[in-house]
Amino acid sequence: MTLKGWSLPLSPGGTAALVPPPPWHFSGEALGIDFHCDPAAAAAALPDHLEPVGDGSASFVFCDWSSSADLDPRLMADPARGQYKEAYVALHARLDGKTVARVPYIWVDNDLSFARGHIQGFPKKFGVISITRAVAVGRGGPRLERGATFAGHVTSLGVRLARGDVTLDAPAEPGFVPKALRLPVWHTRLVPDLAGGEPLVFDLSRNIVSDFAVADVWTGDASLELFESEFEELAALRPLDVVGGFRCSAAFSITGAEIRPA
Amino acid sequence: MTLKGWSLPLSPGGTAALVPPPPWHFSGEALGIDFHCDPAAAAAALPDHLEPVGDGSASFVFCDWSSSADLDPRLMADPARGQYKEAYVALHARLDGKTVARVPYIWVDNDLSFARGHIQGFPKKFGVISITRAVAVGRGGPRLERGATFAGHVTSLGVRLARGDVTLDAPAEPGFVPKALRLPVWHTRLVPDLAGGEPLVFDLSRNIVSDFAVADVWTGDASLELFESEFEELAALRPLDVVGGFRCSAAFSITGAEIRPA
Amino acid sequence: MTLKGWSLPLSPGGTAALVPPPPWHFSGEALGIDFHCDPAAAAAALPDHLEPVGDGSASFVFCDWSSSADLDPRLMADPARGQYKEAYVALHARLDGKTVARVPYIWVDNDLSFARGHIQGFPKKFGVISITRAVAVGRGGPRLERGATFAGHVTSLGVRLARGDVTLDAPAEPGFVPKALRLPVWHTRLVPDLAGGEPLVFDLSRNIVSDFAVADVWTGDASLELFESEFEELAALRPLDVVGGFRCSAAFSITGAEIRPA
Amino acid sequence: MTLKGWSLPLSPGGTAALVPPPPWHFSGEALGIDFHCDPAAAAAALPDHLEPVGDGSASFVFCDWSSSADLDPRLMADPARGQYKEAYVALHARLDGKTVARVPYIWVDNDLSFARGHIQGFPKKFGVISITRAVAVGRGGPRLERGATFAGHVTSLGVRLARGDVTLDAPAEPGFVPKALRLPVWHTRLVPDLAGGEPLVFDLSRNIVSDFAVADVWTGDASLELFESEFEELAALRPLDVVGGFRCSAAFSITGAEIRPA
């Protein structure tokens, strides 16, 4: 074609496209709460081919991300473009005998991340997300130290959906990586056909991830509340018990995807 | 599949999906400016199969929409869900010997509209859009009357992209429909493949529209400015001359799509 | 002084000031719900000198305003400047043997309105407010007709504070003006002193209002919910019963204020 | 009085007030650009009693703040409450033979900060502010290292007002504190009287600051652009030359104010 762009909008020069091609790089601060929900509710939120782990293991994660792309330096150069916040729930599941994750619901505050997410199968909606930042000096906020509390919450369409916090207890053991960040996530890619046919795209997809890294991992006691909204089914996954929480810096790159039939 | 939803996110009850299936209904207030841009720039922004009209005919439109869906009463019931604002440029073009339109660039402030637009091929990005409302009493804003000025502007990533205004001169002749609203729009549906293959979807699409209606159509003198942004190619379409403007109430329904190879 | 401006910021040319001097004009669409709350809670939310009416009479109002100022044409010319949405609760009270109103809590989405409000004594905070618009054609939203439902909600700091709706039953009698709009409102002007002294300003204030007008007044059945937030005391005023609701166009001008000791 | 609150809104329990009394604590990340503007323009933007330094010395600063208050733990506990971003220009000036600063224009994205600022005399307006965050791991954004570029921009009413960036060259000498952060700032407190009299408050005010600290101070080459807006007079201060820039963590507390006649 004459018009250029890896994604919409296509344009003569190819500079208007919202999403550049991979590789994409992500660095950020993650605040996570591990919990158990009703195992039947967790099982019900899994797609075909993914099997429940049976105990309702799940995590809720708030992230403050910076993102870049090898082929589009504007993402890193303009903070309004590459930076964003998101909040999501991840359910543990089984595929081919291995533990994997499924993110049934996720909210984000940036259109690049929204569109890039849907290309992956992340079922993103817009939300307003607030996450406590760590401070380096002074008393305006908490530092990374024992006893400091970090909170996150997400609101969509004016309704609070989730609120959680983690009170730091101790740095994690060297080499520890929170399960919520290291499990491969299997998404459903789904593109409906306005012309009335079967979905134009419908399969299972897993991002190919490289260069995963974490730093400054702390763990501690945590709390989590999930709330009702008429636009969501998140509250069915509300915590029966909270296992604990973590806060860390994290990074990874996405270079492609592995696809399976849905 | 077990999970339900016409679009992502899929969920056990099917109530989490962002976009319900058509038919969709739209009612709103439109403020439009008809202009001519550089014919070569207009031609360059058209996809294969669409031919330029040759004179750079185009319109810039600001809309304040209410939307609903037959199968999801929540869109009309919650103003945060179904209501949104958008701004777009439409280029006139030729297909099969008839005049059609192409919307190369469009911005919107609502995630339902964003996702519903991409399903149609509307290349939506997020923007902050402001449009003068008509008032019914008092002096807080302009009324629908001769000499009243209505303005619109759109900003994305913190950069103003377009500003226009229309000063009402007279109600339009009965039966007049602004060309910017009545031409069929041919979109490119494009879904890139993160797994590295050819695009998963790549075709031309036109919405099947019914129940089109306008009311309170006024025309008048207009002005329009399009601005540079490093993330856009809109400024290449900046007006060489402005033909005039209109303001009206408008409505239509979308029931499906006609598809062609891209 | 050399620097110019009726309000901050002062500037050499006087064009940077956020709030221009009165007269100010307001035109908009109001959606209101009349209700009774706990009379003791209503009495507790009144300042000295205002006496409770005893039955907990109150109204919750959602407004979509356009505003202008005689001395600053920019307010009407730029929709981002003069237009805004607000939500507030008004308690009925008695002063000098007459029925008046008190607005203990109010939220708004525009900094001009925020600052202009505090100058009047309106205790404004920021909120995200959504209000159903009436449509003129089509089926994208409700029209002004019997059976149509209009809703409003307000969220602040990510927490829903109030949600209400009104289902139109019939146009109001000619001359009818909703009590929530016609009672004089007595505010407390309060400016604390960072230097540690008594408040720099502390008195009771009532806007001098002229040119009040309403149009298209409909009344009907209504519902209202007020919700808990750790940052608010609004929920103490939650409805014990809902009397009914209204929707109308409204307008007025503010030309000055009457002041009394607090 | 019966109602409680250091600021509006007053409420029976005193928990609705937007601004708690000092002491207030601030911790954040600052990105600053030192420049010279037209000396006459700088002089024109100073209030009576402040004398120009004569060479148009000024700084533009973008800050990502966390704030807390000794008497209101909610500010630190809820990230939506205490955290905010701001952007401002500071002019160097002379008072009593000493170098001080004046902040003629400032934008912020949080209502607590807006109201707390006006109490101090900071002439805050609302803006949308983006600032590059430093990352700790990965390639999603820049790290605190030589050659990394950090950018900031601010938009108000949909119009970009300022954009700047700093490319880190080297850590600053121990003990170095950017002048933009250490000069005492003299504000004008101004509260207009809607009743038509002289301003209710009109004086010069300087915050009493304690516990000032900086960390991780880097300096480097910088760029800065200030843009026209019909609502601002910022562009009169646009840089004639840029001296350099800095990025650091910073903290301080505000315990009160020193007042002088205006």
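Note that the chains take the letters A, B, C and D in the order they are written out, and that residue 1 is the start of every chain.
We take it that a residue touches a chain if its C-beta (ideal position, glycine included) is under 8 Å from a C-beta of that chain, and two chains touch if they have at least 3 such contacts.
Because the structure is predicted, anything quoted here is derived from the model rather than measured.
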Indicate whether more than half of the residue numbers at the chain C-chain D interface occur in both copies; give same if so and different if not.
same
Would you identify the chain whose Cα-based centre sits farthest away from the centre of chain D?
B
What is the distance, in whole Å, between the centres of chain B and chain C, each centre taken as the mean of its C-alpha atoms?
33
What whole-Å value do you get for the distance between chain B and chain D if each is reduced to the mean of its CA atoms?
39
Quick check: what residues of chain D touch more than one other chain, meaning two or more?
78, 80, 130, 153, 158
Could you please specify the touching residues of chain A with respect to chain D in the complex?
25-29, 64-68, 76-80, 82-83, 130-133, 135-142, 149, 151-153, 211, 213-216, 249-253
What part of chain B is in contact with chain A in the complex they form?
1-3, 5-13, 15-16, 18-19, 21-22, 41, 44-48, 74, 78, 80-81, 104-106, 110-111, 114-115, 118-121, 123-126, 157-158, 188-196, 200-201, 205, 207, 230-234, 236, 254, 256-259, 262
Interface residues, chain C side, partner chain A - complex
128, 130, 153-155, 158-160
